[in-house]
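Attaching a single structure in structure tokens format; questions to follow.
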Amino acid sequence: MTKNRLEAFSDGVIAIIITIMVLEMKVPHGAELSDLRPLIPVFLSYVLSFVFLGIYWNNHHHLLHAVHHVDGRVLWPNMNLLFWLSLIPFVTGWMGENHFAPVPVLLYGVALLACAIAYTILVRALIAINGRDSHVARAIGTDKKGYASLAIYVLGIVLALFSPLAAAACYVAVAVLWLIPDRRIERVLKTHES
Amino acid sequence: MTKNRLEAFSDGVIAIIITIMVLEMKVPHGAELSDLRPLIPVFLSYVLSFVFLGIYWNNHHHLLHAVHHVDGRVLWPNMNLLFWLSLIPFVTGWMGENHFAPVPVLLYGVALLACAIAYTILVRALIAINGRDSHVARAIGTDKKGYASLAIYVLGIVLALFSPLAAAACYVAVAVLWLIPDRRIERVLKTHES
Amino acid sequence: MTKNRLEAFSDGVIAIIITIMVLEMKVPHGAELSDLRPLIPVFLSYVLSFVFLGIYWNNHHHLLHAVHHVDGRVLWPNMNLLFWLSLIPFVTGWMGENHFAPVPVLLYGVALLACAIAYTILVRALIAINGRDSHVARAIGTDKKGYASLAIYVLGIVLALFSPLAAAACYVAVAVLWLIPDRRIERVLKTHES
Amino acid sequence: MTKNRLEAFSDGVIAIIITIMVLEMKVPHGAELSDLRPLIPVFLSYVLSFVFLGIYWNNHHHLLHAVHHVDGRVLWPNMNLLFWLSLIPFVTGWMGENHFAPVPVLLYGVALLACAIAYTILVRALIAINGRDSHVARAIGTDKKGYASLAIYVLGIVLALFSPLAAAACYVAVAVLWLIPDRRIERVLKTHES
């Protein structure tokens, strides 16, 4: 199992997911600005999911960059992550078309939570292969940010049925948390190189 | 014919097939959990096909990894495999939307069988080019797993008209058979390297 | 302009074209074998176009393999080829859904002809950059096969309005002509290496 | 952050955007040439957007080619560019289906302007990382062409409500401006190498 091909395949799948999502934004029939109004929630959902997929691509990239050994045991944890990511366009479309109704917002959170759990499993698999003293293990460390994200997703899911807006705010909060670039891996790598 | 570009093209096609399949899962109009119920068979079909495509990607990867020489004679066996794989989203959608009705389940099995035969042809082509003593020939060996899969597919196809559920169980059985990672190629490569 | 990135981008576009074409094959609503009957012409069109795109990918691959220098002057001839190839899913769908009616068969031929002309332009651009004595120039030679293809396409287009079947036979003939692997480039490269 | 993976991911996304755009050109039901007539504006929009995406791919390629250092600070400017490019299929479809009506033509211009601004931000980010004396900084120089494009886009947007045709002419003018290959980067690189 070469790392390059795993990266290339994952990149391909993420690139396609991020791009076909825009197909959920159906071209309206009218030609007035007001015809775009019903699309606003669809557009906002799209922006949020685009950011999340960008974060996953970035983190996946950093993660594999910090890894030395990759073997067959990584394949299915990686496919598992790609599977849950592939459901993002569906839940994004459902949430957007229903103008952030409670159940779709809840399901969107469940999908994000599933992606986050899948990512955590992938991280554990990589650490298991590379050892507790490997770059990747030290770079991830106690993974406070990862566990905080899981907690905020759960909070959002619980809130969704009462206040979809509050749930959406939780999801945005996680995105913001990760938009601030994760320097952990870069720091560890640099320390090692110097 | 460079191996890299053959791999990259195949990865691209498989990545796209695996991802556009999710487009068959149409966003429902209602916003209640019950609106998702008709999608359950579509979702289950998607999961099964996702796993199969993951298996093909993985096996294809291992196969080419074990190969030294690639030339123009490999192109069409490889395109043939990609062709049958490209029909998976169609048969997946048909099976899912018709809630595992007999004929669609039968056709799904035929498509899987066609992919498996195409894969076998590709393996034979690679062995023909690399010789009976090559890594790839020894790694594949008598290919018991491959022939067992073909037999189980045929069984599933025969059963489909009587009991679609039994047929689906056959397909799942093949997937499970391959989910257990194929150590043959890795073992031969390692033996060689040491 | 690095050759690698030009190849990678072209491969990506061709892989996507070849794969989204299957989306034109809409999942039928009924679950009987007879419900698939209207899809037969769509399926046949798909097979033909899949083969053509496979041929283009293969030839494009061999062509760039034989080329030493690539610069900015190649970009637009290459984009031009990708543009015409990108219309293949549309004309394939139109021909298939209308069961090989005269005008769609004619338009399909026009699209194939446009792709072939675009390919010829790309070949000329590459020869212009690499010189008359380059590998690529000698590998292409007098390009009898290319010009024969152009002539057969024109014949097919002319025949389409009288007998769509005869036109389709012309297109199939060109595909068969190219399915027989083009040994020219491989031969020249091998001669050079030895 | 390796440059290669950033390039590969961007190439993948741009290749998918350029290709799924053709899905907006829906196969007509009739089989006569006249049935294609309503598609002419859709086709023209497609051609224009295809050219723009080709230009972006080309410029992005040249830009990264001229860059030595890439780090995490480039990721989000790059994702930002990909985001706005991903909206091109939507605005293209809307403009085409409404036969170049004023508001869709205006929105198309806004999308192009957003892409151009995002590209400028990416250029600034790369120069910030590589320094004022870097290749990329000298290659971009005062970026007259970039600023001229921004001005023509704004002109087109202003004109759109009065004369969509004049606005479209502005967009075409920008495309022509960039079709003439940007020799700046190639020149600087060559000067450096010699």
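Order of writing sets the labels: A, B, C and D. Residues in every chain begin at 1.
Keep in mind that, in the parts below, contacts are C-beta pairs under 8 Å (C-beta built on N, C-alpha and C of every residue); 3 or more make two chains touch, one makes a residue touch a chain.
Computed from a prediction, not measured in an experiment: that's the story for all the values here.
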item	value
Any chain that touches chain B and chain A	none
Same-residue or different-residue interface between chain C and chain D, half as cut-off	different
Rounded Å distance, chain B centre to chain D centre (Cα mean)	38
Distance between chain centroids, defined by C-alpha means - chain B, chain C (Å)	27
Shared interface positions of chain D, touching two or more other chains	8, 12, 16, 20, 23
Category of the chain touch graph - line, ring, star, complete, other	ring
Contacting residues of chain D [partner chain C, same complex]	7-8, 11-12, 14-16, 18-20, 22-23, 25, 27-33, 36, 47, 50, 54, 57-58, 61-62, 65, 179, 181, 183, 186
Residues of chain A touching chain B in the complex	1-2, 5, 8-9, 12-13, 16-17, 20, 23-24, 71-73, 75-76, 79, 82-83, 86-87, 89-90, 93-94, 97-98, 101-104, 107
